């Protein structure tokens, strides 16, 4: 985490005085972007840097669904299953993904490429169903589009590209 | 000062007070789980709902977070309030395992009481209860039962606001939130951690040392003073009620042990808290006892020892007494009255801080680990503990004095409650009673005097210090 | 003379062993019979273990009597602080001894001719015969009453010397009750004396050996059934057993006159009571049940009505007669026990009322009727 | 989307570059700010109050009144938060503003901050929004670069810093007090009122939190003046409402609707009717926390608060979901309750226990193990949650449940009796 | 005047004659005697009583409160959770339980280390059985060999109470624990 401190310092400038505690969430997000998850050493370093009680960091990490303390697959497929998506076939989408990847929601493929997660509303109800791959929304998904998406991602990994 | 009406009683409360505080002050009871007079108001248990009459009729809101306003009309037991409370109790007991049978809190559990008072019915749920971790080791001292936890967060707030260790937090969300200790283990080092057991309104937080030791209704609290440091926190010592004494073969000794220690609220000294050392004071008081008088290490009759001590005192040219800072004010006064004129008196510290112990902090713990130093010094002065080399008789009272400091050749009269090697080195040794075996008072560092009460009978052969001094003085005075 | 002495000693030995045996066995019979009558098992716990084995001999609880005796012997002998310890000490014996003595005049068999039993005995005994009776006295029945009257003194002594109110009251009760029933007892027997014209018990028994009306045995009970009933009732009352056991009344008087007795002294009282059962049995047998007689039996064998006769050797006759007597006594004892476990007891006033207002007049009436009948038949 | 009626927000053509500062300026952007800075802050508040602008976050609390509570105290720190934590299922209107009109929001926040004496403003954006975050962050960076932010603007001594604060996946952050707790870097536990956030909010300082759409309206109000603004919409609901429609509808998306627009017409004509020409069963008017209305019920209604509220529902956040005939309402409620259970923060008892309980009950019903009393239980739990929780979530779940139960009780009874759905458990609308 | 009692027997002449009634009574008891004696002599049992303890009754009433039995779970451990309800309700205060803690057994963490009943004071009222929330203590209808030579040997401990099983196995079929609803606990 240490190498991110300059970034945090810049972030801090935008915040009013005495907002160190507020930086917990942005910093954790940044750390997770960097490492893929939040490790024990990151917590220790962050607590040391922000001078917040460690329990606050632990609470935040356990509370927010987007933060995690364990590594997951390279591509995090988050399929929305809330009302609007369900009404446009999200259940089929998830079932299809699950079949195609061979994992149940919440699991990671054995090769560590994909992690499939069911999530509640992603705020893309008009273009449902939606699947979020890492940060990017893939909207109006259908079985064919899904196949193509997963195949492309898998091919990219095989090619060694990003 | 706003005037308000609660249940038809007109009361006056300072502005800024909440309805809960106003009602409590006026002696009107409003149920609560999460509210605690010494902690912040989270308003999360929702059991303290009261009805407030308004233009639009009665509406219900939680009392703990409702500031009093002029002319407010509050009902604590209206139809609506009762319905709400009942619903809330249904929610609280929804996933509570109701395993009162194996819960140490049963008998002094708020949830039990409220259930009878405000619900009294079976759960309307037919679904299986959600399970959670049953025995989570929160620290080496405390076991957490997450199923019993009603997530009032009193414990969490205690570590944030009172002990400031930030040792606990609520993790996860919804009905799978869990109280957890911070992972770096700072909760285990919190010297006040055991207070969360007391403030837990249910049996979620359990003391490991008291775990399943006894049902609380078998126990009786006796008001006492913690001798752990010069703060002199008032405590309750819990021990077996006489009517529930154990009778099985080999179990007699259990009837005269301190099963647990809880704080006895005292605004002048410790508020509602005590430190962990105070909780473990039974270990100090439960050490092996000296029960026979001795003459140079040989067991002797008490009367013979008194006679011997009298003659030693009568024969002494320069007698010095080192009095105990664990002695009660009464005993000290008795010593002063009986022998104070004959002896030059010094005060010693019976106990020094032990390694690893928190020596002092700004909450309760004081550096002086003796309960009555102030009381002793008030009677015998502030003189430093330096034994004059020409002393030919030293009367040592209580443990903790290095016998090497006593001038060679000086006779030693020793009074001690515990079984210790020094006992045999004294010319005359008297076993004395301990705090749980007598009534008395301690004066703490700030001059506040608190009383302690006898819990157990004095063992046979053990002398009462007050009577002993009178007996010693009878002859010593006569000899002069 | 030697022969007389030997015979007397044999008879005395026999009498004592019979009485002691009855006394012991009746304690067991009382227990067992009571149990069987009331659907129970009765005492069955005392046992003798064969040494070095685990075999325990229970024998239907027979050893309870032995255990009782041992217990009484070994128990501490508590004595009250009395001014009259001599009377206190002697009272059980005063109760016990007369009871034994009564048996002296009771014939427990026909005649014994030792020579007929075994030839060589003729050398000592010749061919003399002896009636099987310890003391062949003409005043037999009077002796009985004389001795049995003595037990009252024992009871009174015991009650008085115990210096205990309960004992004294018990003794008073015992005394008045026994005196009252002694009278009735005597009156009932008077009828028999009128009929048989003798008080010699052996003669009375021999009178009963024949038959009446051709087939009925000529027993006293046939001549005097009413007197028999009264006699038995009075005898039980005399023995202070249920339903007349008022001198002992746990709720009022504890154990009555022997409250203050313990160990074997108390055992003597108890033992006397049981022996007295046997004595009453023996008396009743002698007076009303034909004594050692079996119906249709003579000293030579059986002679049935209609002429059939069976000859028996002397030894068989003697044994049969002795056995008959013992069996009859036992049955009467058993009947007494049956009564004891059947009837509820009286109130004390009822006991005396019963004696004086009911039995005494009846006995008198019986005597008068008998006298008239004897006079009429005799004249 | 084209839509008849006057527009306040969607009054320009969306192109790939229409969100840039350049094009925004070309549309007259930041001119209003210049105009506003010439007014007294109190006058702006007065103007907003006069406009009668209602909050667009769901509760329709008058924005002017909220501002009015917070008297700018000189020397005291005040904060402004734009609530862009759009978590209500069915609602995605703010996303449109963040993606397509970020500068409108920035300008509005500048005006608002000036009016309220705020020096620091926050945009709390939900963690999953990536493009919207980049757009708003881009716009703010542009504004900093252009000098609108960070230093005194237009020659006044008013300067504002805006921080975009990203959430990390929590519905409760959309609740104002949960939001500020989240900004404080803690778990977003909503707070008890009193004290109100406008008295003690972020870091115990007075804080105003407004929905993104509400704030976006400010620029328009100041530009056209309150009087002019009131002419749009109806008397009691002035202005427009961004309706995000989804579900079984032919043309889902975000529409700006002038208050008072006929509802049926909106659905049938502007949105192109139901998907695959199906018949409409009911509609969720404004986010799932409002009660559903059947097709027959909405027939006479117009899209404004005074029309919808008496029908027992509300415009809410404008997240409309159209539901076609043949949709299983039991499964639908299951989806909703699963969501509420997942998103309950677990702070106060009725919501923490009630949400899980309702979820377990509905799961059991769907499994075919329901009992008739379960319906009463759902009602009872909803009633017990109504008004007893710290934030509005307990009420919201109750409204949703009661709304569906009231109107489709027969479907639940059918499911419980026959152990299967009346409509095969279908949520999708088949062609 | 003699007091008249409401239940005073009304006796006819025959009954007042005393003797016939006595004979009738003797006939009854004598009949019983003869009948029972006949049974004994023919090798049958002529008594209702039993040769206790060699012979124990088989026909105790099912509700008879005999000695306590501690029931067991299928794995043989005592069903008792050491809640002390029985000890608390016991009017004679004869039950003493010392609880132990076994965190490994999640379903039954509290178990009795010591469970003792003082039979010298037990009044066999059965309240302990009523109070038990776990059906861990029952009273078997059979009466066991309780007497002892001193009062200390009348304290019966856990093992004895567990092992005394007159009706064979008292292990209670224990239903499997309900499926655990997953929670957010960290694995």
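By written order: A, B, C, D and E. Residues from 1 in each chain.
By definition in this document, a residue touches a chain if its C-beta (ideal position, glycine included) is under 8 Å from a C-beta of that chain, and two chains touch if they have at least 3 such contacts.
Small disclaimer: the values here were computed from a predicted structure and weren't measured.
Novice: Please identify the chain with the largest separation between its CA centroid and the CA centroid of chain A.
Specialist: C
Novice: Report which interface contains more C-beta contacts, comparing B-E against A-B.
Specialist: The comparison resolves to B-E.
Novice: What chain is the most remote from chain B, judged by the mean position of CA atoms in each chain?
Specialist: For chain B, the chain whose C-alpha mean is farthest off is C.
Novice: State, to the nearest whole Å, the distance from the C-alpha centre of chain B to the C-alpha centre of chain C.
Specialist: 84
Novice: Please tell me the distance, in whole Å, between the geometric centres of chain C and chain E computed from their C-alpha atoms.
Specialist: 48
Novice: Using the average of all C-alpha atoms in each chain as its centre, how far is it in Å between chain C and chain D?
Specialist: Computed value for the inter-centroid distance: 118 Å.
Novice: Between chain A and chain C, tell me the centre distance in angstrom, where each centre is the average of that chain's C-alpha atoms.
Specialist: Averaging C-alpha atoms per chain gives centres 114 Å apart.
Novice: Touching two or more other chains, which residues of chain D qualify?
Specialist: 170, 187, 342-343, 345, 360 - these are the residues of chain D that touch more than one other chain.
Novice: Multi-chain contacts only, two chains or more: what residues does chain A have there?
Specialist: Correct list: 56, 59, 62-63.
Novice: Contact residues on chain D for chain B in the complex?
Specialist: Residues 170, 187, 192, 194, 341-350, 352-357, 360-361, 364, 371, 373, 377, 380, 383-384, 387-390.
Novice: Taking the touch rule as given, give the residues of chain E at its contact with chain C in the complex, in rising order.
Specialist: Counting only chain E, the residues touching chain C are 19, 22, 25-26, 28-30, 32-33, 36-37, 40, 46-49, 51.
Novice: In the complex formed with chain B, which residues of chain E make contact?
Specialist: 81-85, 88, 93, 96, 99-101, 103, 106, 109-110, 114, 116, 118, 133-134, 152, 155, 178-186
Novice: Show me the residue ranges of chain B that touch chain D in the complex, using the header's touch definition.
Specialist: Within the complex, chain B touches chain D at residues 41-47, 49, 59-60, 62, 65-67, 84, 87-88, 90-92, 94-95, 124-128, 130, 150-151, 170, 172-177.
Novice: Which part of chain D faces chain A closely enough to touch in the complex?
Specialist: 77, 86-92, 95, 119-120, 126-131, 161, 163, 165-171, 182-188, 203, 244-248, 252-254, 284, 288, 319, 321, 323, 327, 332, 335-336, 338-339, 342-343, 345, 427-429
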